[in-house]
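Each of the next two complexes has chain A plus one more chain, namely chain B in the first and chain C in the second.
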Partner chain A sequence: MTEKRKELFKTVGYNILSLIGVGILWTLFSHWQHSPFFPTLTAIWKAFVGLVEHGDVEQIGLGAHIWASLVRIFAGFAAACLLGIPLGLALGLKPKLYNRTRAILEPVRFIPPIAWIPMAIVLLVGFSRYVFLIWLGAFFPIFITTLMSVTRVNPIHVNVAKVFGAPRSYIIWKIVIPSVLPDIATGMRVGLGIAWMCIVAAEMIGGEMMGVGRLILKYAELIRMPEIIVGMLVIGIIGFFMNEVFIIVERWIFRWRSEVSID
Partner chain B sequence: MEIGSFHRLGAKMATQLVHVNISKKYSNVEVLNNIAFNVEENEFLVVVGPTGCGKTTLGNILSGIEKPTSGQVTIRDEVIDPHIHNISYVFQEPSCIPWYTMIQDVTMGLVIRGAAKEEVAKRGKEVIKLVDMVGFEDYYPWQISGGMKQRVAIARAYATNPDFLIMDEPFGHLDAQTRYLMQIEIMRIWEQEKKTVVFITNNIEEAVYLASRIIVLSKLPARMKCEYTIDLPRPRDLTDPQFLRTRAEITKECEIVE
Partner chain C sequence: MKRTAKWSVLALAVTFALILGLQSPANAQEKEIRFGYLVADQLHSPAVMIMKEKKMLEAAGFKVAWREFLAGSYLMQDFASGQIDFGSLGAVPVLITRGQGVDVVILASANTEGSSIVVKDSIKTAKDLNGKSLGTPGIGSIQDALVDMVARKENIKILHKHMKVSDMPLFLKKGEIDGFIAWAPHPARAVDLGYGHELFTSHDLLPDHQCCVVVTKGAMLKNDPETVKKVMNVYLRACEWYQANRDEAIAMMVQKTGMKEEVIREALKTVKNPFPPYCNVPSLKFQAEGLVEGGKIQKDVITNMDDFIKQTYHPEILETALEKK
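Moving on to the complex of A and B:
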């Protein structure tokens, strides 16, 4: 236990050190460049404080921007999970159905969310536009990993249940689903990352002036780099912490797996 | 093809529980060719055959997982069906369910069949004790050794009190020492709780050690080559001259080129 804690402190320490290292490099670079396009860390910090205390050009505070984006991310991500997981499971259990419809499903995967913007503007309004674009990004990793995972369920485990005369419901709920859950979690983690990557595209067309993506767009028009970098960092940091929380929850849920349980 | 002591079966007139009469083909490959035998109640029948002769296919058909191309397996004159019959099958491959603790794993058959909670708990305790795994009830498969996992698979198969128990090279993945200990253990368990067993292996020594009767299969496509009744007293001694003689005789028989 102490050994483990020591290792954890070491890892955190090295991460902080490398962050400081990058900070120093950036500072040196920005002083050398001495240009508004490469603001110093102090300028970025001042922009951050300004956004928190006085809000942006329209007096909307940073907290309100973050909250707006979080709500949209969760709505889109939840929609992606609610559709991707059951559909992946269903098509994984019915491979024939998947093979007969893959000409519809697979090409859609390669269309970038940004390419959907005109369609979203024409077909949807308000909040549903955000949800749709984020859903587009998050859905496919979740759907595809679920689908592929079902086909990789160990047939021995299914047969163990079958020999006892298990009904289909037992095989699905007690064998197939627990076996694919770790892969679903991985798909969700990838999906969550892509959801954040779609936030700027989504907030380009959502109409409201709130959201971290919107914030970046506003300051892009003004060519104000410090605020833009604050927006970028906010997305990165929130995504990072969400991912860490996800991993901790994953580890706890899948403690039956040797790969993640090292104690 | 030479069939050994079939006449002895007729003389014995024991209760015939399982009738097997099957052939199996996978597209063009013939795997099992007219495999026909009966299994008596409480008998420990060992099927011996060389590697890759379709033994696992035989196990899968006996347990009802796979269907034969022709013929059928019947238990008390009814075509075998896991939904009707009380069958257990110990797989050759490691088969512990990774997300089940040992106690959940050994009792899954009872849970599937809708046994009452108290009964599940009671029988779970019994079989855990039977395979000497007390104290490991809440462990997950990755936390225990390969030999222990196989013991759990055997406990799981015993837990439902099966009418018919099939074991497909259950000790195939174990080292020689563990294998030997497991053979002693399976004999102890079988003598304690008599079951009708078909035990599949490629190891003649193991067969002679365990069997009340041995059926020898040929290379692919598997045909029935010969059959022996083993009356050596139990517990058997691997170094006993009579044991060695029987083993030598069967080994010689198995090597006959067709």
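Moving on to the complex of A and C:
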């Protein structure tokens, strides 16, 4: 067994052990509390099975809720990437333009998506409303990371290209973009995490019957903790797997980066 | 290093003491209570609005922390976490919460009826609601239960879309829903704006149904009945004030809701505030049975419905307060 494989087994093993540890602590605490507001793992499992087999109180299945949220997240996230990356690149390459528009861009960054909800209700309809709020959450991490990474491109690489008479388009396509891609990927990963955080806020608006956020809110109204925890775990687990897939793809695309390691 | 640690601990202690010192000292004579109520619910709970506006509880020696909630279910969530001592909200969220084992008890009625279904003009009858979407204030509300009742009665399927009551007229106007059910005055406002017409009032669906109620903690009723009695006395005075000063109360409602007086007066036609404010027990029972049937209260929780209602509704304090009068 190679060292790398041994390390992988160790990592997976420790993660499983941590999960078991948390499970044991949860069980002890729930038995000690003996409260419907701190359900046992069995109650959570039963709620999960119930949601899968029979759906929620309105007979909407867990799969339908997950699918509705995933579609909204992907649409909002895609919109954030489509606008955030080109805009970040453009403003990074034209720092003067960024400095002259900072007064618009920077304050908007600090307005949380939830504060946009009243405007979104009035100006947008249905699906576009969710996409807008998720876009708002995911856009700025992607945009800012792209923008900042452009300013950090190694000037030696750019200057060497200039000395050899490389045109601006060559410098952008062959030096700047390859240099900033790993940072953009990191920004996208952060943006994806925030997109998941925004989904509950977006689905709080109401007007739609499905979505994991909606499911959590429905059961919050009925004060049924096991189903609420199922919804929370679903978000956490899907987010975790999406993040892992992202990391794997990122590692594969930018494998040249991992060739140099400090440890 | 030790010195730095000492100074850090001292700095922390000073900061903590300062924070404590900045809290306003409570008057030893004042009993502090936390009272939850619903946003734009002045028409259903006029006595609570009056108690708040006229500072009646404060005059009776209470220091009151008023807390506003978007819907009854949110109020109940805070109640379950021990953040609220008294509240005014729909009976349905109370029954659901009680069904979850939360120590909440009903003391008195705030109103009966008072909700309406407003739909777009193309919908003329209950049957037309088949396959249509109606906005409701949430799965744990009396209004949501009333929509279920219409669907069961007419053997049709109605899609429930949950949202804030104040957003409902806008959603209807934008065509995102085919209608909505809400507490007064929101239906009357939508009709006044020309967004739709009233299909049913809750009187048509379930005459004299219990709507909003005043609640407290069972533990408070047991351990501190004097406080509960005092609050109920003030509540009764506020109810009487409402009966005697209707126009002034309406002016308050106009100011609080920001709606036109004629809308408020029109909306009030659908609301009943019976006095003395006893709850409609058969209606509470009927609603609880509907909640069990709809899966909103788990079946195994309630073994005997009469016992469940008896444990939930405690009119004794109200009776005592009325006898005193």
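The rule is simple: the second predicted complex is superposed on the first by the 255 of 263 C-alpha atoms of A that agree within 3 Å, B and C clash if a C-alpha of one lies under 4 Å from a C-alpha of the other, contacts with A are read in each partner's own complex, and residues count from 1 in each chain.
Basically, a contact is a pair of C-beta atoms (placed from the backbone, for glycine too) under 8 Å apart; a residue touches a chain by one contact, two chains touch by 3 or more.
Everything numeric here is computed off the predicted structure, so don't read it as measured data.
Enquirer: Quick one: is A:166 in contact with chain B, with chain C, with both, or with neither? Answer first, second, both or neither.
Expert: first
Enquirer: Going by the contact rule set out at the top, does A:63 touch chain B (first), chain C (second), both, or neither?
Expert: In the superposed model, A:63 contacts neither chain B nor chain C.
Enquirer: With both complexes superposed on chain A, which partner does A:86 reach: first (chain B), second (chain C), both or neither?
Expert: After superposing on A, A:86 lies clear of both chain B and chain C.
Enquirer: A:156 in the overlay: touching chain B, chain C, both, or neither? Say first, second, both or neither.
Expert: first
Enquirer: Applying the touch criterion given at the start, work out whether A:112 contacts chain B, chain C, both or neither, answering first, second, both or neither.
Expert: It touches nothing on chain B or chain C.
Enquirer: Check the residue A:21 against both partner chains and state whether it touches chain B (first), chain C (second), both, or neither.
Expert: It touches nothing on chain B or chain C.
Enquirer: If you stack the two complexes on chain A, which partner ends up touching A:178: first (chain B), second (chain C), both, or neither?
Expert: first
Enquirer: From the superposed pair, tell me which chain A residues show up as contacts to chain B and also as contacts to chain C.
Expert: None.
Enquirer: Where on chain B does chain A make contact in their complex?
Expert: Interface residues on chain B, with respect to chain A: 60, 63-65, 81-84, 87-89, 91, 93-95, 97-100, 108-109, 112-113, 140-143, 156, 160.
Enquirer: Please name which positions on chain C make contact with chain A in the complex.
Expert: 71, 73-74, 76-77, 80, 93, 96-97, 100-102, 135, 138-141, 159-164, 167, 170-171, 174, 176-177, 294-296
Enquirer: Given the complex with chain B, which residues does chain A contribute to the contact?
Expert: 156-157, 159-167, 170, 174-175, 178-179, 255-258, 261
Enquirer: Considering the complex alone, what residue numbers of chain A touch chain C?
Expert: Residue positions touching the partner: 36-37, 57-58, 121-122, 125-126, 205-209, 214, 217-218, 220-224.
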